[in-house]
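In what comes next, chain A is part of two complexes: it sits with chain B in the first one and with chain C in the second one.
Showing the complex of A and B:
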């Protein structure tokens, strides 16, 4: 029985070329979903196969890779994907946002502003922003082609009619460069403004749905809204309990069964960096040590 | 409490170590060998090869052991390996008419050239658990026919002579599609659709096929023929200028004959649904041919009213590796999104309470 050895970064070079062509097309038409011949990867569909294929196609031996899931470097799937690339591409990995040349992410954009030359690779479950309004791919592709986005505005309006506000907190639809409505992947809407005019290249990979799309650097990304119901991001009333940060996205950690909870940074690297620089939250110290 | 989000790396390593232990089970029981799986769990191997779409008994058997007998996991393992293999070329179409037949039955004719051969079938067995198997009792050697088998043309070819059924190929075709190498775009050509069905989940296709029998898109099927056996695989090698025989594979083919259609130009004739699967996989081949026929509704000018007739619905959801991945991804952390929903819900509840306190009805659109 001979099981073959794998190429650098797992995918064979022909496949990488095919994916790179799709990426180039996606960059040329910002926000447009480019169909690509997604491969079966050694991790399950829905667990980041799209992002992994993009990363595998663009990564070189000199790259420094960071992988986050829910903003954290040490969540299980982020650990697993980082270990995969460390194994099949033998690249340097980091948890520091500033040091990374490629950041693969699920559900968050790092708090630290990304800079020119960095690439943010998003794992996308359902690339089609219109999917829950129209299940058929044949229809939604037509709607995009005709720039027929009325249905999306009706949906947002119905939210307002029902709930008094646009009741979408993540995967909040955006319009890219005034043309395509795009799903930013299930990042919290808190992160939407970071996409706008970002210096970094943003690539989106949906493996199961076989789509790649992109937001090139310095591209307009506008969250959909209405004049009388302007887009707003989430605000947290407390700062991070570990580093005291405000104006960042927080996770709620339940402490006991009496409703006790604390809020901590979702971006673990940013939080650790702040603590190293002397910032302290109300629960800093003991809670963190207990973890190590 | 913060421990919950730390230590992922060690946890994963330990979990996999425990998995390996549970897979092996009691060390006093001899470990399974690949040959045992191939020889004694052949139909599981066939299913892993079929839905894994890689014809390799040894790798499929290895996958089954590694997956602890979980078929979808085994299929996934086979697929993830297959995807890394280079493509040398495309074989010539196999000729199932020239199959070395082990089983061949037709429900439409009592007798036909080549005869009916029951072969190794569960049909007509009484499903009574057999304790002698547990005791490892001896098994009789099978009876072999003593004459050369008569040629067994495919039933559809027999009907074809009279023009009673539609021809094999009714779509002009330059190139064969390959869903594993190209983006999937709807509507699919029939070759791509058949590829998707051949790789599709047996249970899903079985249920959809069943639904057509119960009235959700009835297509009046008859089993024209099911045949199981070995066919030769040949590859054209341009440098040689002739086809080279690569070996034989075992396949199951099902030809469903369905109710007619016809119009002013074409006289009425039977339509067909087609199923072809690696190995011995009769249930799958039958389900596939029911689904194939039902997915031809649009092509044949029938109304598309039922799930089994809806190509996007059927093909987008028939792949069990895709389905299981996306369903099981719900296990991954979603606390960032959940936090967003929590925040929104709290806001809405606070507003609701404030309004209830004011004893006023919420205004429309507020």
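Showing the complex of A and C:
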């Protein structure tokens, strides 16, 4: 393929300007979904076309890009998007959270605390937190305009009535800076507290739904709850079987057809880093190859 | 004629990228000074910084309002037409961008485009070239850890009162990019400003 035929970072300049204007408005109105003229990308909807368009519009030659999919650097989506930008923007790529200036993510926030100057770009499937409660865009837009979020509380209340607790575990709605209710994308609610007062700029791109929204650094992000049913994150009974980490988000991996299973870090970079520093879990028989 | 054709970014792709990135960082961290140094060379009275931001953000999709000094300069309107292709408007409430060379030409903030409650993004972004001199202020709001005591080249007069009204209109309201000496400071509509 003749890469030279593409503009830097794939998108044409007019498209980048349009997306950049939307990003600036999104930062100015935290949590508000800015409509934008999403383009067809060389990957199907659902593979992060919104996130890719944001990354393509902000990335420069000095940037170092990390891409994760469910916390992992080595899954198909992460590998292909990383390779895409290495090719069309000729930027440095990394799997190390600390080294990255831009981190594009599908459904996780890295365990390592993000720092000032880093940008976290989320791939978002359904940007509208009220969409499953009210299918009409005209109505949800009005609800945001009037700050009418009672329906969302009813949904959480029905959770409690049915299950005895708020059963929503991912895409858990948040209120940004006391104004807009926002979908944090389908990250586990475990990650919601990391969005609050984060030092990093957080940008959200929904390609199919054609929306961009943002949470600036040091911005209040509060998970919706009730006084008698306060917001809680998931807790895990056992530590990561590979690195022994506690207080991190774990994935369950089935080992055999006799009920054998293990819990391992969802954040592969954090897990590898811990193992390099000598942390061992119960099933860490040997050092694994680093993801690249 | 040359003045109209010359003066864009030498590298229009990376020139726009670096100016945009600085603008994004400035809006994400209100009150911090970001460098927007570039090799844009627009004709006077359009300043280098105003020209760079126009090249970065304006095109055929954006209505631009020019202050009277810029609007009466054929060199400037010709340069913007050639490099950005942005249509001009005489009505500041319709403009996506307002380019202002001096604080005294800044329209009252409430006559600029405020957006609507349903579409607060349909508002004007002001790009203002600041004169010398600064004002000690304290900033609070998203993007600022606790508070920021700083000196900013704000427009004088009743600007702080107008800005307080602008803040009250949230989520409607305007955002301001203040430029001077190759640098940019941004004030998104969320920022609270008080005199220090």
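The working rule: the second predicted complex is superposed on the first by the 281 of 292 C-alpha atoms of A that agree within 3 Å, B and C clash if a C-alpha of one lies under 4 Å from a C-alpha of the other, contacts with A are read in each partner's own complex, and residues count from 1 in each chain.
As a working rule, a contact is a pair of C-beta atoms (placed from the backbone, for glycine too) under 8 Å apart; a residue touches a chain by one contact, two chains touch by 3 or more.
Please read these numbers as outputs of a predicted model, since none were measured by experiment.
By the touch criterion stated above, A:247 is placed in contact with neither chain B nor chain C. Touch criterion met: A:60 reaches chain C, while chain B stays clear of it. Of the two partner chains placed by the overlay, only chain C lies in contact with A:28; chain B stays clear of it. By the touch criterion defined above, A:146 lies against chain C but remains apart from chain B after alignment on the C-alpha atoms of chain A. In the superposition on chain A, the residues of chain A contacted by chain B and by chain C overlap at 35. Residues 12-14, 16-18, 20-21, 23-25, 27-29, 56-62, 96, 116-121, 123, 125, 142-145, 170-171, 175, 188-190 of chain C are the ones touching chain A in the complex. Chain A contributes residues 7-8, 13-14, 16-18, 20-30, 32, 34-35, 57-61, 117, 141-142, 144-146, 177, 179-180, 197, 201, 215-220 to its touches with chain C in the complex.
Residues of chain A touching chain B in their complex: 1, 3-4, 6, 10, 12, 35-42, 44-47, 49, 69-72, 74-80, 83, 106-108, 125, 135-138, 160-161, 163-165, 167, 169-171, 186-190, 208, 210, 234, 236, 249-255, 262, 264, 266, 268, 287-288, 290-292. The residues of chain B lying in touch with chain A in their complex are 1-9, 11-12, 34, 58-59, 62, 76, 79-86, 180-187, 312, 316, 321-322, 324-329, 332-337, 339-344, 347-348, 351, 362, 364-366.
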